[in-house]
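In order of appearance the chains are A, B, C, D, E and F, and numbering begins at 1 in each one.
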Amino acid sequence: MATSFAGVPIFYYEALASILFFIGLTGAIARRNPLVMLMSIELMFNAANLAFIVFARAWLNNAGQIFAFLVITVAAAEAAIALAIVVVVFRFAQQVDVDEVRVLHG
Amino acid sequence: MPVVKVLTDGIGEVDLTDIAIYRQRDGYRQWERAVRELKSSEVLEMADRSGLRGRGGAGFPTGKKWSFLPAGDKPRYLVCNCDEAEPGTFKDHMLLERAPHLVLEGILLGAYGIGSHHAFIYIRGEFKRGYEIFSRALEEARAAGFVGKNLFGTGYDLEVTIHRGAGAYICGEETALLNSLEGKRGEPRLKPPFPAIAGLYGMPTVVNNVETLAYLVSILRNGPEWFAAVGTERSKGYKIISISGHVRKPGNYEVPLGTTVRELIEIAGGLREGRTLRAVQPGGGSSACIFEEHLDLPYDYESMAKAGSMLGSGAFVVFDDTTDFVKCAFNLVRFFAHESCGQCTPCREGGHWLETVLHRFVEGRGLESDLAMMRRVSSTITGLNLCALGDSIEPFLKSVLQRFPEQFEARVLREVASA
Amino acid sequence: MSSAPATSDLVNLTIDGVPVQVRKGTLLVEAAKLIKQEIPVYCYHTKLGPAGLCRVCLVEVEGMPKLQIGCNTPVAEGMVVRTRGESVEKGRAMVLELLLVNHPLDCPICDKGGECDLQDYAMAYGRGSSDLADPKTSKPKAVDLGPTIVLDEERCVVCQRCVRFDDLIAGERQLVLKDRGHRDMIATATGDPYRHNFTGNVTELCPVGALTSKTYRFKSRPWDLKRTETSCTQCSVGCRMNVDVRRETVLRTMSVEGDDAVSDWWLCDRGRYNVGYVDAPGRITQPLLRRDGTFVQIGWDDAFAIWAKAIRAALDARGPESIAALGGGRLTNEEAYLLARSMRELGAKNIDWRTGRQRQATPGSSGGTLLDLERAGAIVTVGESPAQLAPVMDLRVRKAVRHGARYIRVASHEAPPTMRHHDVPDVAAAAAAIPANVTRVALIWDGVDSTLARAAFAALERDGRTLLTYISGEQGNARGAEAMGVLPFSGPGYHVADTGRDFDGICADALAGKIDVLSIFGANPALNAADGARVRGALQAVGFLVVTELFMTETAKMATLVLPAAGAFEKSGSIVNLAGDVLPTAAALAPPGGVLSDFEIVAGLARALEIALPDTEEIERATIAAAAALPVGIAFGDERFAGTAKEPALGDGLRLRVTHHAFAGGGTLANDERIATLRPLPEAAFSRADAERLGIRTGDYVDLVGPGGTMHDLLAEVRESLAPGEVVTIAGLADAPANALAERSRVRVENVRHADALVEA
Amino acid sequence: MRKHLFNVGAILQGLGITFKYMFVRRPTIEYPSIKKQHAPRFHGLHELRRYADGKERCIGCELCSSACPANAITVIGAENAPDARVSPGERHAASYEIDELRCIFCGLCEEACPTDAIVLTPRFEMADYRRGAFVYSKDRLLVPSDAGVGTPPDERPNGIPADLGRVAEVKSTMNVDRGYSATHRGEVLKTERKGLAG
Amino acid sequence: MIPFWIIAAVLIVSALWTVTARKPIYSVVSLLLNFAALATTYLILHAEFLAVMQIIVYSGAILMLFVFVIALLNSGIAAVVLGRDRVPVAPAAAAALAAVAFVATAIAAAHAPAIAPIATHSPLGAVGRGNVFGSIGDFGQALFLSRLLPFEITALILMVAVVGVVLLAGDLTPYVPTRRRAEQTRRALREAILREGK
Amino acid sequence: MLIVLVKSAILLLVVLTTFAYAMLFERKIMGWMQLRPGPNRVGPWGLLQPAADAAKLILKEDLTPKTADPLIYRLAPFISLLTAFAVYAIVPFGANGDGSPWAIGDVNAGILFLMAISSIGVYGISLGGWASGSKFPLLGAVRGTAQMISYELSMSLSFVGVLMLAGTTSLTGIVNAQERVWFFIPQALGFIIYVITAVAETNRTPFDLVEAETELVGGFHTEYSGLRFGSFFIAEYVNMLTVSCIASLLFLGGWNAPFGLTMIPGILWFVLKVGAFMFFYMWLRATLPRFRYDRLMTFGWKVLLPIATLNLVATAAWVALH
């Protein structure tokens, strides 16, 4: 396994991916705007994808790329559904504050 | 010849302006008799029985007119209308100048008849000589005790006031005369109320013509039956006719009513040599013409009305075949338009309009359409007016338009020179 | 109207197939109106009666051979009338054709075009064409009849309405018909300018555009005008009037047809023509504050704040005795009510409307209506007659005189009226002059001398006689102000309240330095008060003087704060006229920008003072109640109203008398340039004896010198009717204020300049 | 809906039409260089006319103003000074303004005018940069004082115009030399006509 | 080395901006930037197809969807008012701690002994050439041959998502053309009136 | 590297000039079709009109509405412009004798790159519309986003048929694959779908709901003025040029000469084909009215997409069978 590509050590990429992931995580936790939350989640997906691709490159095995592709696909589906939910919630409650929308709290 | 002398008795023979001469001829006898012996209602009754009709033009029965005065203690006035201005009339003029005492006696009798204590005589402004003569006569009568307070010792007061007009034809109309007498603008009043109810100064008033009043003297002298025996059934008594125009001897002729038109022309000397009669205007400027076919009609109120004209004030004007009827019509219309008081629209504007148009005809600048227009306008304005002046415009114009259209058509401008 | 007519008085007839039942003696024109069937008329006028001149009102009466004129045909039982039909239409068309024969068709030029009876009837009944081929007659146009009226002779249809108005209604007989036939024309009989107090009515009567008002000539077309019906507030009669406005300018005023109760369908020239002030250049449009001797413009908020601050300071320092309010004659009832109420809310009782010479406006319980006046058998005036004070009331007097009433003037110093009159030296003589059979007597007082009024009342009161009293005051809504409680001793509805100081008292207090804030609402005491010198001194002594005005009047010039107020045409409300009728006024146009009505001004002050104001509905209710309240317990010449003015000491010289003139006054009258020619010159009238003694002839210029002042450059007039020992001047002239000298004081004549000498020089 | 969506034929037809029109001669007039000649009765800019003697025809009667459906005309009348008349008769227009932006050029003012004073000329070029410039007052509406038409008014004292209410023979008095566009009948146009404009 | 640092800096800054931006649209824009940088990284890492997919799917579709929803919600009546964001101390601290731990682990893993690459059939070559590691051909063969099952499963998931979205956000009331709806309303109204009439 | 820069500069110049005259040309053509002369005041036959327009746009005041989001408002035109030009990095205009294309860069995944770039292009519209902060631009943006997403799908599917026939994603490869038969013959359906979606993607009539001046007074660029508006304007025309190039490359044989007319250089053929396609665009605009929004979406999803899928399946089957 190559430890560096074009002079960049692989763990740099790993670190980058993890930083991006945690930025996304923080956003997903801290923001109340569902759109921004979703985008943060996308950020986390991408961080994971980056890691996949880095490892695929490292092992020269495109299974990682395939996985990343599937992630992108599923992310698209997820985003579509999530946004649909946001729109429906907005129509229903006239607001999108996730803390205020608690109809399903039981 | 049926010429009589009732009012004209003595005129042209003796100086009747002299009270002494007048009294010699029984002057003021009837007046004294009336005041001393008769009640005023008896005088009224005699006037009524005589069938005397107003000689001023309208021919209204005098007794009936007097009887319209309402009972009551309001002062009453008698006004003698001596504003003779109808074209063709000159009888009152003559009476005033030649027999002033007769006129005055008539006024006094009339005033007594209606129970008035104040009589007025309204003398036309142009009758300067007549006014002077009558004034002198009045002074003489006053001096003789026929006018003034406590007449003949009976306690009856009667004052006579002379008023001179200022030369307006319309003041011959009784209400205009009253206005003029009051010092107002001489224009007819709106009737009702009639003068018998509210006349001079708002008091019951009778306005009578000079001739009418003058006949009272002879009626009282000879009795009403004497008067009623003459004339036709409804036009009784005598009348002075002022005959003028194309006759040899124009002048005033006193005749019984009912004399035929032909006789009247004969009385006045007949037509000039070689001339033929074209028309006669039997009742002054405001009457329509009568023609050859009417020559044998009796000259009285009814017959003249039947012939489409009227007897009016007895101004009998004769036209022979030299007459230019366009000029005649223009002359008469101009007179009426000029004399219109201007109060009411049809007379004021219609008269002036017709005058303008007729003037064009006289100058030979008539229009074809004017003939129909004149007929339409003149006939429509008749009957729309406050007084009779406006209605006087039509009759003569209409009758000559109808009878002699060729004279008018000859003055129509057929071609306009293309300038 | 008061009682249903008995059946015997009624006549049944048929008009155009419609059965009508009317009073006996009714004319066909009027009867046809009942079934809404128009009979065209020119010469006929409901108030003038028939004249039978125009001949356009033709109708067909069954059984009569000729067409009858509807205007002079009284109804008869069983009469069958047709106002339409071939012969009627033919006759009318002929008359209209004839009317148009010499009528110029300059309708586009003519002011009447659009509201012209001739236009209307020609359209409705005319032929539409004429056979006229000749040129129309040419007559003078724009003939100057007088200071108010221009005649177009070509347009005249000789209906003589104007002539008959002048004869029958105004009684002046100035207008006559001159010449005859188609040349006849309207003119003044003497050739002098047509001039009296009612000239304007002829322009309204004129069915065509022959008589036009100089103020309205070519100003507008009738269809452009916005019409508002309101009540005139120029004098205390309160005539109903139509105000025609265009481009934010009052262009003309017209009387209201059918207003029998108040104006009798007429207007006086003052009410009609004094409207040009609305957009006069001298109008104040912003609050002005005196700062270092000159006025500076300030905003309304500041004005209210400064005013309120001054009042608060005065209240805190010296209590409610130190503030006072004056005025009310120009205010509407609502404004007067709000003013009185606001003042009393502050605890202030120094409030009075009597800033002029008039002392009282409510005649007490014996007050009659204007219609009553018309029916009186005798009319007695004490003090000044209503001829100049309340001109339209004077028309009622004239009407009564025409109907046979005896008109008696007590110790009058005015020019003799053109109607039959009896001048008597004192009240007792007046009582004696009343015919024995007269049961209704009207007593008219100018509101000045209470003692005289009481004496007259006592002298004329008699068993079996109805005595009706009137006070023809000088201020428009004086009676309203009284009813609303703008009096020191009474509140709204004549309820007795704590007694404060009246006008004289306020002046005295001011001179003593006891008044800190004096607010004057629409009054001009500096010019109009009887004792001018004293009043001016008092106003100067006030610490903070507020004046609401339209113009910089004599009083406003002395103020600390001048507030621009809306004029009578710019506000709605109600007024009470001298007969006690409550009349609405309506705003005909909006006031100029920056100008508030007195109502808004009082309300703004109250808000700045944080006084609780009643809401609009309550004001309305209270105003109506107060205006309708019967003046119970108020006597004619009441002593409470009498005031404290003293008779000036006797001395040498002539006694000064002050009279009113309809067009003499400050403010709106002085600032209307359209009526400049109608304003009187300052004059002094002498009796013949005095004039001869002093060597004065009519037309000379003289000065009058009295205690405390001088009146300069008065035009002398020798008046036969005056008693020796008196000199009469006109009140309220800004050029020569009569109140420079105390009324009834003794004056000397000085500096006589002869007219001929002046001409030579 | 299906019909509309699959109506390919119509689309093709439309394309054919537009294509065909590419080769059709264009009727456009090169306006500033070539000016169209309008009919003499074209409703363009107004003008206020005079009588042959130079007096204004307008008598300030405001009939145009009341006839105007767009309320574009403001007239304020005034009395003529008897010795120096602006117009025959007693009245003249002290102020006459037309807001050409409001005007709908319907010509009702012309119809209403009793003296044929206001007429609509074929002049149509009145573009400007300021709205205020479209309020035409008498200084721009009145024809030059020597451009009067018709018979001079009756010389009666204070008389009304002799031809009041009669239609005069010439509609416009506009004149090239005076800076008006040459648009009335009989005038020679400055530029030639070209293309379809001919 | 330098490109990496630049890209890393862009990635981190844009990610931070995404998370912290007040307006969601700024989040979108920064995320767009982030994705672009990420796509560049993919290219560097020989994932050509994925780089393109990243742009097409993520940037072109998913992010576009965000913009769409933002615009859609913005166009609604009520303004979206949100409360203050949460900053839960404990989770944040835990996240930071985890991040440190994660980075440490990554570094540790990097120092772990190398494992032989499981090579695929494509060689490593310049990005942009065909049939090299990560190229379309390479990727396609892997996807459709060796990894077909996960691909199909993903397709299923996508299908479910489509159905879900349509069910969620779609307007499920049956579509009625305007004209027919108007007709229905009219008929209803008429019937109502007739009923009232009885 | 230098060569790339020079190539880029030349290309930029060419594209911009083409844009300028395409615009003039469009106005002229529309004028002719509508019986008007079209612009003819600036220069002979109005040839300097583009310069005048440019001068006008440059001199115009650049306004940013108060309600706008300033950053994104200013960013949006650049996104549009950038993506419009970025495409030309890989578009080949011809080929040398050795088969190397006349292009700045030749990428194997060229067509994918193209799709990627064009999918970014919509951001210009949607962000610009959103950031204007007023109603009509927002509506335009929302419409634009939905329309682009909808039609991009069908467009991609129409590409896939070509890709399957050519067996490559390289644009040069695709052109070379058409030496014998241009793909618009076997892929007639795909070509029609492409033409339709291309019009939709560039927001041109009859699919110009994004701008729709009669309903939205200009749509997304209502609030823009001056050069920012100009950027959108340029982007639109460059996009038109792009899709014309793609049509030429993918379906019309690129620089391949028809009927063996090889004596005319390939580049001319390419220009001719692009020009014809551009003319078609303008022709359409002069002819067809605008779609209603709901019909546009219905058409995209319920008509175009199924047909495109059908085309794909058919092509796949054909390829598999051969």
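FYI, contacts are C-beta pairs under 8 Å (C-beta built on N, C-alpha and C of every residue); 3 or more make two chains touch, one makes a residue touch a chain.
Because the structure is predicted, anything quoted here is derived from the model rather than measured.
Contact with subunit C and subunit D alike is made by no chain in this entry.
Considered apart from subunit C, the assembly falls into separate touching groups, namely A, D, E, F | B. Least step count on the touch graph, subunit A to subunit D: 3. Centrality by C-alpha centroid: the chain sitting nearest the overall protein C-alpha mean is D.
The chain with its Cα centre farthest from the Cα centre of subunit A is B.
Seen from the Cα centre of subunit F, the chain whose own Cα centre is farthest off is B.
In this assembly, the C-alpha centroid of subunit C lies 89 Å from the C-alpha centroid of subunit E. Averaged C-alpha coordinates put the centre of subunit D at 50 Å from the centre of subunit F.
Between the CA-based centres of subunit B and subunit F the separation comes to 116 Å, rounded to the whole angstrom. Rounded to a whole number, the gap between the C-alpha centres of subunit A and subunit C is 92 angstrom.
If you sketch which chains touch which, the chains link end to end in a single open path, with no loop closing it.
Interfaces, counted as pairs of touching chains, are A-E, B-C, C-D, D-F, E-F.
Contact residues of subunit A toward subunit E in the complex are 1-3, 5-16, 18-27, 29-33, 35-36, 38-40, 42-43, 46, 49-50, 53-54, 56-63, 65-66, 68-70, 72-81, 83-88, 90, 94-97, 99-100. Touching subunit C in their complex are the following residues of subunit B: 168, 185, 190, 192, 337-346, 348-353, 356-357, 360, 367, 369-370, 372-373, 376-377, 380-381, 383-386.
In the complex of the two chains, the subunit C residues touching subunit D come out as 104-109, 113, 138, 140-142, 152, 217-221, 223-224. The touching residues of subunit F, counted against subunit D in their complex, run 29, 32-37, 283-284, 286-288, 295, 298-299, 303. Chain contact summary for the complex, subunit D toward subunit C: residues 59-63, 65-66, 77-79, 82, 89-91, 114-115, 156-160, 164-165.
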